[in-house]
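Across the two complexes that follow, chain A remains constant while its partner is chain B and subsequently chain C.
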Partner chain A sequence: MTAFAPRRLSTTALIHLALAAVLAVGGAAVALDGGNLFATANLVDMLTRTSLTGFLAIGMTLVILCRSLDLSVGYVAALSSLVAATTMDGQAANVPLAVALVLLVSGLVGAANGAIVAFLKVNPFIATLGTGLILKGYLDTEYQGPAGDVPAVFQQFGYTRIAFVPVSALVMLAVAAAAIGFLRSTRTGHHMYAVGGDVDVARMSGIRTTRVLLTAHVLCGMCAGLAGLLLAARFGTGSAEAYTNLYELDAIAAVVLGGTLLLGGKGGVAGTVAGVAILAVLDSVFNVMQIDPFAKDVLRGAVIIAAVALYARRQLDRTARRPRFAATPRRPS
Partner chain B sequence: MTDAPLLAMRGIGKAFLGVPVLAGVDLTVNRGEAHALVGENGAGKSTLMKILAGVHTADAGTIELDGRAASFAHPAAAQRAGIATVFQEFNLLPELTVAENIHLGREPRRRGRIDRRAMNDATAAALADLGFPDLAPTAAVGSLSVAHQQITEIAKALSQGADLICMDEPTAALADAEVALLYRLVERLRERGVAVLYVSHRLREIFDLCERITILKDGRLVDSVATADITPDELVTRMVGRRIEAQFPPPLPGTERGEVRLRIAGGGNDYVDGIDLEVRAGEIVGLAGLQGSGRTEIAEAVFGIAPFTRGTMAVDGRPVRITRPRKAIAAGIALVTEDRKAQGLALRQSVKANARMVLDANARVHSRARLARVDGILSSLDLVARGGDQEVQFLSGGNQQKVVVAKWLAAEPGVIVLDEPTRGIDVGAKHKLYSVIRSLAAEGLAVLLIASELIEVIGLADRIAVLHDGRIAGELPGGATEQEVMAYATGRREGTHQE
Partner chain C sequence: MTRVRALGAALQGAGTVFLLLALTFAAIAVVNPGFFEAPSVMAFLKQAAPLVVLAAGQYFVVVSGNFDLSVGALVGAQVVIAARLIDGVESRTVPVMLVMLAFGIGVGLVNGLITTVLKVQSFITTLGMLLVLYGAIRLWTGGAPTGDLSEAFRTPGRLGITGVPLIGQIPWALLIMLAVGAGAILLMRTRFGRILIASGDNELAARLSGARVDAVRTAAFVLSGISATIAGVLIGGFAGVSAQVGEGLEFTVITAVVLGGVALGGGRGTALAAMAGALAIEALFTLFNQMALPATLRPAVQGAIIIAAVAYAARRRLRPAPQPTAAPS
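This part shows the complex of A and B:
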């Protein structure tokens, strides 16, 4: 007799399957509507959408894995776009300096977030909400309207593409690959799972937990910096208004959709990238089918809630006991 | 090698918020020695262990390791000095594998990258060396049994180069069969010259395993003696400072066996099957069985946490369908859960708030009299607390358990299920709880008692139902021998006891 033991899919495999399903269903829906989701223009649109949320979500994955959070990334991205555009000031020669400066500034904001969370023990939700508001105040008073000038050569980062793949999406994927390697193969990365899983266990095992947490926040800040560089490249100027798009919430949604536990300790960037992609595909489908924005947001919200509810069920399953008398009554021996 | 002992703590003192917890305590442990640290809860064992683990720093006294002065500012320092502590709540991450847990913080690297193969190979070798070649390095720790998690924890300590392993109540969560694994492990450790500091309330283990015993009482050293020079009775006397006559109090006068209050016929769900059980008023029925045999599952089914999906249940002759705890409470069933801290108490709330919780949630009328009754129950249980407003997290295990019992008594149940009521509770408080259980029966409650310590079931229960593999393998009268119970529990015997 052969018993078919259903093999449990890992969450990452599940989310990639979900991405495939969303692509298939979305493609079919668009086709029924008389369009083609996989036309070049639509593919470019989808991939372009992934890069900005992608940068933010990769960094967000790191902090969430550590059982932290960063609500300031939208403001950091806006600030970064201004730092980039004003430093470049239309001169191609200033690009390297501007990029370095953006990464420094965004990394410092991340470090501040990390320090507040790690040393002052402020709840990360409140801590990063606070730093975000401080940045908002600064942006609102110092910059009314766009500032700075991005040289054409750097605008390429926003618009160039190889075949139908935008360079920005490639850069995002490269950063994602680096983050996957970082989490899997470096001690600091691996320790993020321990810190998020149980900070006391991590500390008792000799892990410098504050350093790990700080690293995650710095990297998250720098990812927001990259997002800011992309914003600058796309707009050709720095924009304080960018924060009004609430990118941080998209990023958190993508991370959670990607199967990373909001309570930390479990998940990864591979899932996050799929989460970002699912949101991008949905947006493209809604756009192509010209669904009105209200219904669009409702659908997005429903998808996110459904996904997390599904993970919660799986989580319960994992902890459940092995059933001894399930379904078929056992034969007397 | 010097002649100095591996560990010598002298004149250790510690106070919390000005309240002295330890004063002038000495403790010496030799290489390869199994050394018991005993005392009632609140005697200062945990504090002493935490000082040794670097969690707390001593206010007074010296610590020497191999004759050299040492001090541990934080847990990592104690670990580096070769002292590992296995607490009751394991320091393991369930999402990570055995190998990842063992090497956490010290992952082997090749060219800057974590070398998972080396990590798994080293783990497999270490586990085989300890005598557990079956434990897979790549298994997720969360999927392991408690015993195997404990082995993982100890393997982790050894791989960190521990010379002294402190074990805090290591058998509290183990079934009898698993305790044998731990015995074997302790022997292995001693052969390697690793010392074990063994904190336990279970006297038999102490006398089986340990060469010397250090006794604490009220934060002071009573004595440090060779196990051979003391009897269990003397040890208990010196721990509690008074003599506990019989370990189990006899049934209270006037305890009468009445009508059947709880009847389960053919009860079954995913975890247990064919459960037939009756508990009469005034009767204590014990549920014995190995870890995982379905003891807790029956408790959870009766209380509606994981309800029976087959069979019928009746309380006081009325058929009931218990599908969730609220219905169980309405039917007059109470459950004192196995995990006191996670399921029994709101740790950060006060004694009063906890004791009134069931009443608050389920009573339609908040009469002053009922609330006053709660206070009466608390004092009848000899609760030791600074007052009703003290947060229960600061009470000792025994007093916490009294709060849980009080909470349920306030609801005036007819049936009370006690799942491991004395887990992690010191000898004196255990004795008090045994009396409480007797008085529950005397008041006409039907008591279903689950305990992994066989002696408790044997000493307290009027009848014992022994579980094996999710079914009742046999029923024995109270006072049966441990061998008889084990014969059923291990599946060597089935059917009703005939003699």
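This part shows the complex of A and C:
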């Protein structure tokens, strides 16, 4: 595993440099416009934006590393917000139960995704699109409007901040740290890279690939559950409408922007967090400069393509150094 | 040899979709025996035509090993462009259609070049294109589509040849659908088609045998752009102009192609089966209508059927050559 460290570090370093550049350019642009990107209100806005996409993107990183995908996270988050709000029902005492129930439900949806992908061999794109549609049908039928009531204690999760750092962003960073630790120093974490790199080789090396895939999907579902808890805390109620925001595409964009290969086997959560931050900074800059919201989508699309084209260029150099049918095995450095 | 293998693969992958199509039509016949009279069948085909045309375009992209997520946004953009530029003036119909065709080809070309030359995965390229088109169109129109389509523009999507004995009216949309379908099937029998499948099956092997993989893949994106343009004309004529036209269509059409037994990742499946997949999805929607299912429940049933159909197809595919079981460590 140490062989991977220098490469992963360098990609992550590049993304953090990109984040710094985006911050600098954004700050300069806002300053020219007569504003201050680093004013407290703007910093709070930026960090608040990171937490929701952050939860989803951390889980998404795990499944993408395994060469899978999860298009159902937006629906899982919406379902989780409803489960949380209806279980709490305005009672502070119900909070622990609600959190546990959300993690259970979202984990189960993740397990269903993982089982369909791993055992039924359905392409993850189709499998998770399908479970997403099933959830959408359930949500639209059962909940016509907002439901449930989140007690003030739990709404703190959405609004409290320490200095200019929202608690939700801190929790997201803690989850990110846990995920980094999980990928770097647990056996299952290492197996995820192996499964994403080449599932057949992984299986022949004695890794129980289906179990690894299942774990990744369960964790991804639970991350979406956390995002749902945050949605409930922010809105003060559960809302089925949350899925219309296409969070899953945002999360995938952040993961890819963070340098994780969509084809699996390479990348990490540290890059993903930077990817989420880049998107959040861009959004904040557009907001402060009052750029037309539709121009935001155009710029976003262009930035994502440009970034991935840049990574692909680096990737090309690397494959040139590491031919596919190399006669001699690569020496670990 | 290739022909025999292609036939075998076609039967294996496509069996599921024709079975599903037959079952759905049987269910429709049970629920509403009157459905199989000429006018309602023609109305069904008219409604299904845009998705079938899109499926043909998406098939080229998917079989060469890529995705095109931008088609929904492109269809929406084309309809909005048509309404804005024609603005109700009949004489502008043909020039504007040519502009739309150029735009569709241009978007396909950009998708293809970014994917092949810049080596960006097509999922990301076309996701970015989706965002760009979505934002650009709303930016251009200021949020709500303006202008009006002309009568001539609406004709292909709405009208047909009237006064045909027995059948009554043959919709133009059906004829366009058949022409596109025949074109797609014929195209896959040419050198181009074989190289396309080879590129999706094993890119390295195709390259080493001298195939111009990047060129055919780019051409596939262009074909998808053209199909989105044709679908835009049909949908615009049939359903009219709104900001929501085309939204979510990309997922429906990819579902249709996969339902037709075309493997995501490329190299397997036929154009005919892909278009049959689109027809099966439209038939399912019709069945839901006939059964008066609550509209909100439709996505759930759709999702369950997609997973079941693809799982069934995967099982059939895996059976002849079972995967080696993992040795316990």
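Please note the rule applied: the second predicted complex is superposed on the first by the 311 of 333 C-alpha atoms of A that agree within 3 Å, B and C clash if a C-alpha of one lies under 4 Å from a C-alpha of the other, contacts with A are read in each partner's own complex, and residues count from 1 in each chain.
Keep this in mind: contacts are C-beta pairs under 8 Å (C-beta built on N, C-alpha and C of every residue); 3 or more make two chains touch, one makes a residue touch a chain.
Keep in mind that what you see is a predicted model, and the values were worked out from it rather than measured.
By the touch criterion stated above, A:Gly206 is placed in contact with chain B and with chain C alike. When the two structures are aligned on the shared chain, A:Asp198 is found in touch with chain B, with no touch to chain C.
Once the two complexes are laid over each other on the shared chain, residue contacts for A:Ala163 go to neither chain B nor chain C.
Applying the stated contact rule after C-alpha superposition, one finds that A:Leu32 touches neither chain B nor chain C.
In the superposed model, A:Ala302 makes contact with chain C only, not with chain B. Measured by the number of chain A residues touched, the leading partner among chain B and chain C is C. In the superposition on chain A, A:His190 makes contact with chain B only, not with chain C. Touch criterion not met for A:Ala93: it reaches neither chain B nor chain C. According to the touch criterion, the shared surface of chain A, contacted by chain B in one complex and chain C in the other, consists of residues 203-204, 206-207, 324. Against chain C, the residues of chain A that register as touching in their complex are 116, 120-123, 125-127, 129-138, 140-141, 203-204, 206-209, 249, 252-253, 256, 262-263, 292, 294-302, 304-305, 308-309, 312-313, 315-316, 324.
Interface of chain A with chain B (complex): residues 184-187, 190-191, 193-194, 197-198, 200-207, 265-266, 318-319, 321, 323-326, 329-330. Across the interface of their complex, chain A is touched by residues 75-76, 79-80, 91-96, 100, 104-107, 109, 112-114, 142, 156, 160, 268-273, 294, 297, 469-470 of chain B. By the touch criterion given at the top, residues 114, 118-121, 123-125, 127-132, 134-136, 138-139, 143, 204, 251, 254-255, 258, 263-265, 294, 296-304, 306-307, 310-311, 314-315, 318, 324, 326-329 of chain C touch chain A in their complex.
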